[in-house]
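Quick one: structure below, then a few questions.
Per-chain residue numbering starts at 1, and chain names A, B, C and D are given in the order in which the chains are listed.
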Amino acid sequence: MEAIILQILNGLDKGSAYALIALGLTLIFGTLGVVNFAHGALFMIGAFCAVVMQRLLGLSYEQVDPTKTDFLGNPLKVQVPYVESWFGPEIGGAIVDWSVPLAIVLAIPVMVILGFVMERGLIKHFYKRPHADQILVTFGLAIVLQEVIKYFFGANPIQSGAPAALSGSFDFGAMLGFDPNVVIYPFWRLVYFLFSLVIIAGVFAFLQFTTFGMVVRAGMADRETVGLLGIDIDRRFTIMFGLAAAVAGLAGVMYTPILAPNYHMGMDFLVLSFVVVVVGGMGSLPGAVAAGFLLGILQSFASMNEVKSIIPGIDQVIIYLVAIVILLTRPRGLMGRKGVMED
Amino acid sequence: MTNSNLTRRGVLKTGAVTGAGLALPTIFTSRASAFTNEPTGSTVTFGFNVPQTGPYAEEGLDELRAQELAVEHLNGMGDGGMLQTFSSKTLDGTGILGKKVQFVTGDTQTKSDAARAAAKSMIEKDGVVMINGGSSSGVAVAVQGLCQEAGIIFMAGLTHSNDTTGKDRKKNGFRHFFNAYMSGAALAPVLEKAYGTDRRAYHLTADYTWGYTQQESIQASTEALGWQTVNNVLTPVGAGDFSSYITPVLQSGADVLILNHYGGDMVNSLTQAVQFGLRDKQVNGKQFEIVVPLYSELMAEGAGDNIKGVYGSMNWNWQLQDPGTKAFVKSFGERYGRPPSNSAHTCYVQTLLYADAVARAGSFNPCAVAEALEGFEFDGMGNGPTTYRAEDHQCFKDVLVMKGAENPTTKFDVLEVVEVTPRAQVEYAPDHPMFGGAEASLGECNDGA
Amino acid sequence: MFGLNAKDTRFLLIVVFLTLATPILLQPFPESSSLAQFNAGYPDLMQKFAIFGIFAIGFNILFGLTGYLSFGHAAFLGVGSYTVVWMYKLLSYNILPGLVLSIIISALFALVIGFISLRRSGIYFSILTLAFAQMSYNLAYSVLTPITNGETGLQVYTNDPQVLMGANSPTSPHLFGLVMRESVQVDMGGWLFTFNIGYYFCAIIAILAFYISLRIFRSPFGMMLRAIKTNQTRMNYTGLNSRPYTLAAFVISGMYAGLAGGLLAAMDPLAGAERMQWTASGEVVLMTILGGAGTLMGPVLGAGFIKYCENIFSKINDGILHSWFAFLPDGIENFLVTLVHPFVGKGWHLTLGILFMLVVIFLPGGLVEGFQRISRLFRSKRVKDGPRRKDPEHHPKSAPHVAE
Amino acid sequence: MGILEVKGVNKRFGGLQALGDVNLSVKENTVHAIIGPNGAGKSTLLNCLVGKLIPDTGSVMFDGQSVLGRKPHEINQMGISRVFQTPEIFGDLTVLENVLIPCFAKRDGAFRMHAFETVAHEKEIVDRALHMLDDVNMAEKRDMHAASLSRGDKRRLEMAMCLVQEPKLLLLDEPTAGMARADTNNTIDLLRHIKATRDITMAIIEHDMHVVFSLADRITVLAQGTPLVEDVPEKIKGHPKVQEAYLGQSQHGHH
């Protein structure tokens, strides 16, 4: 029982990341009709916003510490972050410590602008091109983005931890009355789960309750008609692209304490997120979210020793297996609309 | 920084052949030369095959730095590095056998296929006499096989799997790096001292060949201490999120988690295990502990604070205090502004060892070189007295047991040496069952002729 | 000749000539010149050109003609390689049984995967093929290690049965004694040419593969495949069942991939699991698009281009850059090296990505379209009023006479 | 006994009765028009004939065989060709290839692995296709890309693609929808020409009364999914029920 609860928790957490990425992907597909293979790269760039923030806050000057030596036997130059010398070691240290949440402030404008530039500069020209062309050009873009990041940040994973206050864990099982020390859960994963719920709710509320969202939803249903009403749907779609990029970026920022960012994480997540979107049904926002959580939980269950001992390697293929079964039994995924992406 | 003049073919450069070519095409198969890529000009070309793209690119870069440095030292540039401390004095800083050393590089991408393609390109196009480097066992075994077929010498880089000098050992291949068995043998006494003999270990193992051999080795040596192995769970390579594999650990009653992971997987699994609070727990009345049997500096750096107090093993570390290490660290550090990693050390040392073997053999013929390396005993290369065992071409030397430092001063000393396990403790018979047993054989030397 | 019209025959003969002369054409620079690093006429790379050419030609039969974008073709490549190595292990180093079997086994694989995946179209099809290929890769890398030797790659051990191995049989891949890795080197006044048996074996198969693809392009079957790409509704209402056509195309292209995989192992007796990874499938997509999907020659060009970059372009390191710009003043030299550095050597992926985007954006017909445009430019300069210009909107990838 | 016999066909979509007890008989070598206001069920009926929809009850017999449960390509192979409201052609192929494909389909059936034959060597088929193009006055456009044709030419090409199969029954779904008057007249002429030169049965679904009355031998009026009357054109024109249900409210002809 405890094992099941734990795996559900793990699954929800994995699922949050899948759902957030898939949500952005679906927003782009649903509004613009574009299949964006560079979406994984957006997630990756989001994660690197956290790295950049950490480095910005960690910007430091050198101070020679004569009592210590470096590896060559010279007096050690100690790096003192500016924030620490400005605000004192305590507050300064806390600021550096909170760099991941603070990176949200950086990620939102960066991602929105990146989204705008991508849409205006590239994607716009592909609305009328076949889906295969869209896949290919965004795939090319994904390669370029990942190589650029690699050029600046190298190939190693770069750790950026959660703030000390949130980096511990709590005994979730004991709270539910199970044996203590069994169902343990890290704070940050809970934060990530709640954060993703907030974002998902925010996106839905935005589409549901604002005029802007209503127009966009109408545009998703029938682009031409909305265009006839004299509404500048194109500009709104640009904004949607920025929003989708921001969602992917935020998903990336907050994920860094769980997964140390590296330049190829975008490609790793790309395949997965596409499977999620397709399982959910192309163009269906609730479908994307549901499929994200579903696949996350299924993957967690498949990783259990009990399951793996019956079917070895099931944890490596479960996602794909589920995708195949769903696509064959429900041609348009869980909640897909008819006629979408079938030509 | 000009004119490195890197890619020139070693073969067929002599005036005689070229001159004859004008009159009549000289036709010959590779049989015509004495051995593959026999250097006939005034230079000899080495091939450095390291990951330059993909997840291990940084490690490859560090290996490349070290190899460049080794070439400079062989050619008499720079301060000579370990040449000054090396026990064999055949090399004099004028190249090898009067030939200047050049090198070409290849990108393994940490994929067997790509590594072989890069190696083939260096053998066929650039005419290299040896290939050095690499950062995974799969690649090492694949390239070693290729070099055996092609008839050149292979010096493996970072490869830790028992198979490289075990069931996949080859007459043309040599390994300076230590292996999983040695890690287990070196770690066991330290773990016993730190954690006692009554422990229950839970293994998470990367689901591929290296993971299997390391897990097998560590399990064997910890069980010899009296530890129990509660479970061994295979995790997909690049899983990213290891939570579903970590959460069952506490329930299992284990009190030690052994992470048979490397690279990005190690960074993530260790970080996440710490996040799940494993190290704060008391199980069976004992403090819960994590062990990472194979460490690398770059990955330790990636894991940050999470590594504090975690035991692991290494082939070599720049913090050693012997003269060889000091000379190398100085040379490398002044050139690149950072201390060398242990895979860089291996690649550096192997380049010198190969050159020395050629000089002692008086020939570039791989069979002669192999003979010179087999059973070769040397010192002054950082690991104390070392032997290349003739039976399996594995180097035997002291192994380092490391621990994540509590108070690192820079990002370079996040690990500290806690024990130098003497060589006698990590030795094993060449027909040890983990190394292919009696069936494993080096085969015949191939010089391509 | 060969059941082709005069134009196609000429085209085929040119291809045959180029293929056979490759060892000479790819060594344009004498060994001692500093440009020798751009020579590509060494066996391994030439073999790769031919083999990935076959892979891309086959992929093009599916993607170029029917428009079905498979992201899982690398799986067949891997299956082909594993088959050949297993035949080495069981029988002997003769490549023939393995190659024949690799085509058969990959055809069976393609039949099963195609039968299931082709129940869907568009991106759903792509995802299904991707899912199958990733499953194959993940399993081959880990759980199936007893069959595939996992990460290390499947290879031959001395204790393998090799029941057909005689005392004097070659100990590396051969065709009835013709050893694949043997070469004849010819040195001609500083130029070095390597004529490798393995390459010529691949080249002959590649020519056959090309010929078959040419015949398919010109056949009613090929026309049906193009019809499927442009309008499946009309196809069905014309009394044609598109499913068996697409399945046939899928299986044929799977067989090509299996053959290519088999040849990889025939040239180099090792089969790595990475061959099946989705990025390997992506690579053949890149090759086909870069060269020109739906054209006959495009995929081969694309394959050659990418393999050239991977093996030659990637070797340009800073030292070489410095030697190029050495004649310039130091400041400018360093500036230029810094500028070029990210794009060459280990940064070649970046160049590839940018190039690929440019091709998709501006040259939907790939490199072939680029060549056509250039040659049209020259032609229209010569002929004053110019030939009738084609509709700029029309993409040559679907034109019937795609041989150029 | 007609070549096409529709008996008691019902089709519901959720709560909507799209077709209610439709009976229809199309006699060989006649032009039979089906008319009705928007939403009368014309398209649903057509889709039931070609295999795109399966009726809930009833039977559809063509040439003595049931078409129900067969796929569109099987129904085509039985001898039914279809012209769409917006011409469905192979846009990326040349005009000639567009006509070649139905020729192959007619000769070789739904699938044949003719990968090693050469299109250009199939003299008989190429001749037949060229002859057909001649017949619809498109011979000189044979090498053009079908997508670059004018709308009228596309319609003509589609017609040629259907006719070259010599179908026993040609279904036309509003063949003049959206056309200018001149194009409409051209199409009428083309259809008349077809009717005059071949033994062919046609069923036309049409809005445009001008087209219907210039071509049809018999007319069925459909309203709310049920046939109202069926008769010769002259009778239909003056029929009060029709006036009331259809003509009265949609005198504007085509939309």
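We adopt the following convention: contacts are C-beta pairs under 8 Å (C-beta built on N, C-alpha and C of every residue); 3 or more make two chains touch, one makes a residue touch a chain.
Labels paired with UniProt names: A = Amino acid/amide ABC transporter membrane protein 1 (HAAT family); C = Amino acid/amide ABC transporter membrane protein 2 (HAAT family); D = Amino acid/amide ABC transporter ATP-binding protein 1 (HAAT family).
Remember, it's a predicted structure, so these values are computed and weren't measured experimentally.
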item: Minimum number of chain-to-chain contact steps, chain A to chain D; value: 2
item: Between the pairs B-C and C-D, the one where more C-beta pairs touch; value: B-C
item: Central chain (distance from its CA mean to the mean of all protein CA atoms); value: C
item: Cα-centroid distance, chain B relative to chain C, in whole angstrom; value: 34
item: Length of the line joining the C-alpha centres of chain C and chain D, rounded to whole Å; value: 45
item: Whole-Å separation of chain centres (CA-atom averages), chain A against chain B; value: 36
item: Length of the line joining the C-alpha centres of chain B and chain D, rounded to whole Å; value: 74
item: Multi-chain contact sites of chain C, meaning residues that touch two or more partners; value: 138, 142-143, 349
item: Numbers and ranges of chain A residues touching at least 2 other chains; value: 312-313, 316
item: Numbers and ranges of chain D residues touching at least 2 other chains; value: none
item: Pairs of chains found to touch, sorted by chain label; value: A-B, A-C, B-C, C-D
item: Complex contact set, residues of chain B against chain C; value: 1-9, 12-13, 17-18, 20-22, 25-30, 52-53, 57, 104-107, 111-114, 116-118, 120-121, 124-125, 136-138, 141-142, 145-146, 149-150, 163, 167-168, 207-210, 212, 234, 236-237, 439, 441, 443
item: Chain A contact footprint on chain C (complex, rising order); value: 67, 69, 116, 119-124, 126-128, 130-132, 134-135, 138-139, 142-144, 232, 278-279, 282, 285, 289, 342, 347, 349-350, 352-354, 356-357, 360-361, 364
item: Of chain C, residues touching chain D in the complex; value: 3-5, 215-216, 218-224, 226-227, 229-231, 233-242, 244-245, 248, 252, 391, 394, 398-400
item: Residue numbers on chain A that touch chain B, as the complex places them; value: 2-3, 6-7, 9-11, 13-14, 17, 68, 70-72, 76, 78, 150, 154-159, 161-162, 167-169, 181-182, 184-186, 188-189, 257-260, 262, 264-265, 268, 299-300, 303-305, 308, 312-313, 315-316
item: Complex contacts: residues of chain A adjacent to chain C; value: 35, 122, 125, 129-133, 135-137, 139-144, 147-148, 151, 267, 271, 274-275, 278, 282, 312-313, 316-317, 319-321, 323-324, 327-328, 331, 341-343
